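Below is one structure; the comments refer to it alone.
Think of it as A, B, C and D in the order they're written, each chain with its own count starting at 1.
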Amino acid sequence: MGFGRYLSARVLWAGVVSLIIVTVTFLMLAAAPNPAVRQAATQAALQGGDPAAAAERARELRGLNEPLHVRYFDFIQSVYTLDWGWSVSRSQPVMEAVTQALYYTAQYSIPWTILTIILGPLVGVYSAANMYSWKDHAATGFAFFGYAIPNFFFGIILLLVFGVWLEWIPITYNTGVPVFSVENAIQLAIPVFVLVTGSIGAVMRVSRNESAEFQNADFMKTAKAKGVSPLRAYAYHVMRPTLVPLSTTLVGQLLALFLGASLLVEVVFAIPGLGRLTYEALIAQDTNLVLGTTLFFTFVAVIGNLIEDLVFTVLDPRISYDDR
Amino acid sequence: MATEESERFDQVDWNDLSRSGRFDLSINSLGMLLTTLPLALLGVYDWQFTGRRTPTFEFIGLDRGLETIDFFFIFTLLLAFWYLVVPLYQNPRMTRYYWKEFKRNRPAVVSLGWLAIVFVGGLFGPLIMDPPQQELLIAYQPPVFTSVVDTTPATCVGEVVSGQCQGTWQHPLGTTQGGKDVFTMIVYGMTISMQIAFITTTIVAVIGVTFGTLSAYAGGWVDEVMMRFVDIILSFPTFLMFLLILYIYGGGLGMFIVVFSLFAWGGMARYVRSKSLSISEEEFIKASRISGASTYQVIRGHVVPNAASSIITNLTLLIPGFLLFEAQLAFLGIGDSAVPSWGQLISAGRSDLSFAPWIVLAPGIVLFLTILAFNFLGDALLDALNPEAEAENA
Amino acid sequence: MADDQSLLEVEDLTTTFSTDNGTLTAVDGVDFSVDTGETVCIVGESGSGKTVATESVTKIIKTPPGQIEGTVRYKGRDLLSLPESELRQVRGNEIAHIFQNPQEAMNHCYTVGWQITEALQIHQDVSDDEARAKAVDLLDRVGIANASARFDDYPHEFSGGQKQRVMIAMALVGDPDLLIADEPTTALDVTVQAQILRLLDDLQDEFDMGILFVTHDLGVVAEIADRIVVMYAGKVMERGDVLDIFDHPGHPYTQQLLECLPEFGATGGGIPGTLPDPHDPPDGCRFAPRCEYAEEACRTGEQPAEIEVALDQHVSCVHYGPGGNPSIVRSEGLGPGDESGSVGGDSEVGPADD
Amino acid sequence: MSRRDIEDRDDSRHVDRRQWLSALGLAGAVTLAGCSGNGGDGGDGSDGGDGSDGGESLTLPDFPEFGVDDLYGRDVAHTLAERAFEESEYDYSFDGDTMVNPDGDQVEINIYHSAGQETSQLTADFIAQELGQNLGISVTVEAIDGTRFNNEYWTQPEPEGGTDTVNGEEVTWENPTPQNPGPRSVTSNESWDMSIVFGLNTYPLNPLTNSVFFDGANPFYNPVGYYPQFDAQELFSQARQATSTDELREAFVEIFENLAYEQPYITLLFSDDIVGYNPDLEGPIENFSNGWDLPAWYEGESNVSGSYDTVTSARFTTLNPLFNTENGAGEAIERALDPAYTFDEEQEYFPLLYDMSTEDGEVWTFDIRENLQFSEPYGQVTAEDFIYLVQELHQADWAPTAASSSWDGVTVEQTGEFQFQATLESSNILWPKTYDPTLYPIPKDLVQPYVEEEDVEGLQQDEELLELQFAGNLGPFELTEWNRGSGTEYVRNDEYYLRDIDEGPDLFSEGPLFEEASISVVQEQASRLGALETGEADSAAIPPEQYESYNQNDNVTVRQVPTPYNTILSVNQRANGWNAGPGNLFQLVPFRQALAAAISKQDLIDGVYRGLASPHFTWQPRWSEFYPVSDE
């Protein structure tokens, strides 16, 4: 089987997975009471009308009186036509809400992801190269520290220290500053730092353990016997194979953090990004927005897994396309 | 050299163990059965005969009720005892070997000590300590050996020295905004953490191992379908799903544990499957199959024991994630704030951080240390159970 | 065979490792030499320090924890005192290595072509095309069919024997003068083993290399060696011309090794006892605890000095030394050697196919 | 409509009339009318009854103050509870200190509080403790999210209505509402016993509005299923007849005495808003009308400079003035669009867009200022715009605008280019104080297309309305950006109409005195306080436990602003309340009195609110002029 066929099979599968997740979300929300209907009933009561009739009207208006499967197909259609409706709790189209929030999320998650992907393996391999020296212990200690300290806890403490006591960083996130400006860098420094410490640990640990295995591998001896310098040996012979197992965990871990940690960091640092958008949509029972953000994250997760699969296949020449 | 020998230790001993379990009811299963029975009876009694809010042990005068979650907790403790602790005792040679490997890793030994404290504290603390009582008048007492401006606490329990309220041993870690003793709350939080750790891992292990081995042994399209299902489970934006479910249906600790476990077993299943596949390729399994062992016997007798050490390691590394998630949800205000978990304490104290930092710092550090300890422990187990990497560079 | 100036001369080579449980002496004052065009075999049981000894030559063992002392003279230069950067110029370029397990010795992430040309591109200023041409040529020479196509294949696409051929190509790409082959055939099927040995033999002639060959298989030794060095627990027990030693093994250890060969009427029991603890080697002769002729003198002091018992045959045994009685060893030890000595001596076939 | 420039408070939730429209109950406090006079609360609160020793001899005064002094404690509570046991048809009793149900088991009930809100949890814990000590009831404390509580426990989306016998009379629920879905037998989805999730507005400025809570057994708002035992309907209709404030006051004394006696909700306290300000800021007052004169506020010197930045905890759902029901968003709207009138620091009517006058309280004349301009192309603000707004939107069935209920039964007609009249169904001399007749100016031409199409969604989603682009010179600032996640930003409106009026502070002629303004949404309380302390924000709410430390902090000036939002213990008198045994003791007046007597208001105030609250005995704060005990 060629790469092309493999790729299309994976993409097809990714589509199926996202469809399933979207369906589950839809069913879950369908099972929950719709606040808009309640609102309509209250409204009618206030005006001396019949709340039950008003609720019925509201249901009709939203198509909630249609059979479930009809609603489902309408819903699926709107999902894939990117017409995600109007967010009641923010008074803007869901699509716009998501893009707007993404704009802020991207500002800290892109530097965060890049730093993690670059620093994690580097520090991990460095740590492995100096296995059991103080450098290794320091790096491992740092990794464990970052991994074990809850992000939100770390965040509020850093905010207290650097924002309130030292006044080095602003406490309220300013959305008005340009993306590429010193102010923006300052206000994003702590959130990015907190996230990087949180995510780098796992990456580092995997790359340290994996590369420890590789640096003791026979092929390292071969390389040395060939006269390869240590730097080149680590860069080519250790780093490269380390990336293979790393790629299988990296994307998943980053994604998990992307959702979990970023939400908390956004809450702590008052960044109006996707995490908070999602959370607030849930709290406000803004059905369209909940579905929209769920969809978004599902797509991200599915695409992330897809990339992971592809990267893994590309990185490890031993995997043939029909194995997976 | 030494490597090969130790590897053989690992396998031989597990095989002995499983062999005894295969032909007759092992002492472990017997013990498990005997201890589970009274628990089940108690559970039925509690469910059927006592009132919804009557303490389970009222008939012997104990004023402490058992909740459903407590029953599960005790059950998982029994499981851990009969299938983890007792086997270690039954195989002193293996135990000694593991211990020797393990104790080389000093941070891990310290971690184990810390976890033992948390475990024992969580198990017995609530039995000997009264639940934290709200006493508004003694809110914001500082921890012992520290002091705060005396306007911070409502009234100062300790001495007031030049406008500074001194901490006392009555409240070694200070009190919260409601005057609850932070130390007591942390001890009660240990119970919650242990419940989360034990119950979720048990559920994850049971589902993961069953699913993984079944998939490996079924093979063919069944395997394919099952693994695709795991793919889907793993693709779920889990945290979001928690939020959604907990939000729509309300979330107590039980709901948290159930939801969490149901989304977390995917990785375990994948792992066990690949492990089973590789083990089933080995000669001794082929031999036992030829000699007529059933699939169940092979799984029960060979696959699970051989994968056991890695499964335990895996689970150890899963636990900190659970604890972290609980704390995060508590921080967002989605968990059940009546559950005295560390996360709830941090969440409740975060607004007071600037003037009463101990309310956040104490549970925060305990949580941090516990997560750290589980990680160190998991790492050490990884090394102890897989000594190849270690031995080679010696 | 021995010239005035050997290609490689190793004197008093000592390699220690510091471990958690103290210092481990893997190689303890070893002497040997290799001449151009000559094949020297280091033989001994697993764990006797042969691999460490050969890897100490170009310092490819890890230091620390390892520490190497003594002199390694290669074409008159002392390798051990060379700075690392110059040493790297020697490795792969002048002295090449082949390792025991070709499966593990190649990096699974790179094509074999990349790995073969790597050494060339490090040491010599060659273009990609030239490197490729040379590698393909070598692949062809070591017997890989359709070499130019297979240049871009990954190691896992080759069979075990083919991999070892690739490894040989990889070693030869820098036109080395000395090839150190560490049990290159152990992991291979016997028929393949014979092919590889033959290939090495051919290539040695073609490239006029010295080969330092490590093995525990005396059958292989009989087939290819010019001279042998018998090691036990980090020490050299006996060294000399292969025929001499096969005919008249001096050291009791050598004798017992030879007895393990079926041709010498082996009973399959092997040598009783185990290797001594390398952290705490016994006093006196290392082999004394397992030696049936051991006397009090064997168990005290240092390893006995080497005695030249015959022309160019050195033995380290108390019984040959001053005050010793070689006949204690010889009389019984010679028995099997005498009767079937010619077998060992003539043997070009060896025990390779058993 | 809001006049309070602070964010909503972190503690319990308050439900105001406007908010019922949103049916979310989330947004926190919304303001109501101004108040005439808040002085005169000299009474020291101890007036109590006579036979206060407990025992059977206990007699309650006309205006019992439960939870303080003689009417607090175990003995009083026990006595009152025993009265309830006698009234009950089931055999409840005390077994020593423990209250037991007919089966002999201890009475166990639960209390809900808002999840994640400290004060709420502390209060619930305190109540549980007090009820345990003084009544021997075992109380389980449970946390719940406000929205969820509202949806599952408090309201019923499809009210059933029905009939029931109340005080011997047949009462019919003809127009059941989600907040009063019918007689006690009609229940919410989930059963619950007690709750402090929601607080309510007591309408001290216009207590007539309280009829929605207590006007008989089937008022608009009665989630707990309370049946008054006094003739509430009659008393309220008497009050409606009043033509002077004195008459009103008289009419209300009896109502509020009865409410104090019957304790439909167990009244606990009024907590004050504690607001921290930038010390350089001139303007804030410690009064309910704080912020009405914002255009005259300044920082440092009284010239135009700087930026007025505030922080708030809740995001804005919409800035569309037609549909907003949230306090915080109301404030954001009013930075750019003035409401029709406000109340000054004396809590007197102050005309902004129009003046209101009446002869008899029934016919009201609205005189619109003549210098009001919408943005182009909508031109001048005229009576026509307001008439159109009332008739075609607020009074239309299809458009669920926030002010719909305010204009129910009101007839409006245009009497001049800048004048119109409104005729009420019955006289109401306090009409302006209900905030009902306040209108946001909306250009007729802007909404007309939607009206013709009856397009609700179009109206809700209209960009110009949402972004207040039509506001012209009608507000102190112009809205430059509404970032849905992080708040609003404004620049000074140089054309502000208020500069040209004759009334009000002199500084109005220069106002507003800031170049810019902003409202930032910051969820974390610690961050909001940090922003206040470091000067990033000019004002933020302060929790009571930090009152002391901020009071001593030079970077912050603290103001204590009384509020009409109460903290109450709601007890479920419907069929699914009281899950501790047969019958529902909550339905019995003496039992509710016992609960009220078992909770020490002063301890609660001292412990949880650090003394920064006042006890609550009836449905009015002490500073209200309708408070039943006056200080003659």
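Note that in this section a contact is a pair of C-beta atoms (placed from the backbone, for glycine too) under 8 Å apart; a residue touches a chain by one contact, two chains touch by 3 or more.
A quick map from chain label to UniProt name: B = Binding-protein-dependent transporters inner membrane component; C = Nickel import system ATP-binding protein NikD; D = Extracellular solute-binding protein family 5.
The structure displayed is predicted, hence computed values, not measured ones.
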Centre-most chain, if every chain is reduced to its averaged C-alpha atoms: A
Selected interface, A-B versus A-C, where C-beta contact pairs are more numerous: A-B
From chain B, the most remote chain by mean C-alpha position: C
Distance from chain C to chain A - Cα centre to Cα centre, in angstrom: 55
Distance between chain centroids, defined by C-alpha means - chain A, chain B (Å): 26
Whole-Å gap between the CA centroids of chain A and chain D: 41
Whole-Å separation of chain centres (CA-atom averages), chain B against chain D: 46
Touching two or more other chains - residue numbers and ranges from chain D: 145, 524, 526, 530
Residues within chain B bordering two or more other chains: 247, 332, 350, 353-354, 393
Multi-chain contact residues (two or more partners), chain A: 156, 160, 164, 267, 283
Contact set on chain D toward chain B in their complex: 10, 105, 108, 115-116, 118, 121-122, 125-126, 129, 138, 140-145, 148, 524-526, 529-530, 543, 545-546, 548-549, 552, 603-604, 606-608, 610
Contact set on chain C toward chain A in their complex: 55, 58, 60, 88-93, 96-97, 99-101, 104-111, 115, 118-119, 122-123, 154, 156, 167, 170, 174
Touch list for chain B against partner chain D, complex: 51, 53-54, 133-134, 136-137, 139-140, 149, 151-152, 154, 177-179, 247, 250, 332-334, 336-338, 347-348, 350-355
Interfacial residue positions of chain D with respect to chain A in the complex: 20-24, 26, 145, 147, 151, 155, 157-159, 175-179, 220, 311, 315, 317-320, 397, 400, 404-405, 408, 457, 460-461, 466, 481, 483-486, 489, 520-524, 526-527, 530-531, 533-534, 536-537
Of all residues in chain A, those that touch chain C in their complex: 217-219, 221-229, 232, 236-237, 240-241, 244, 315-318
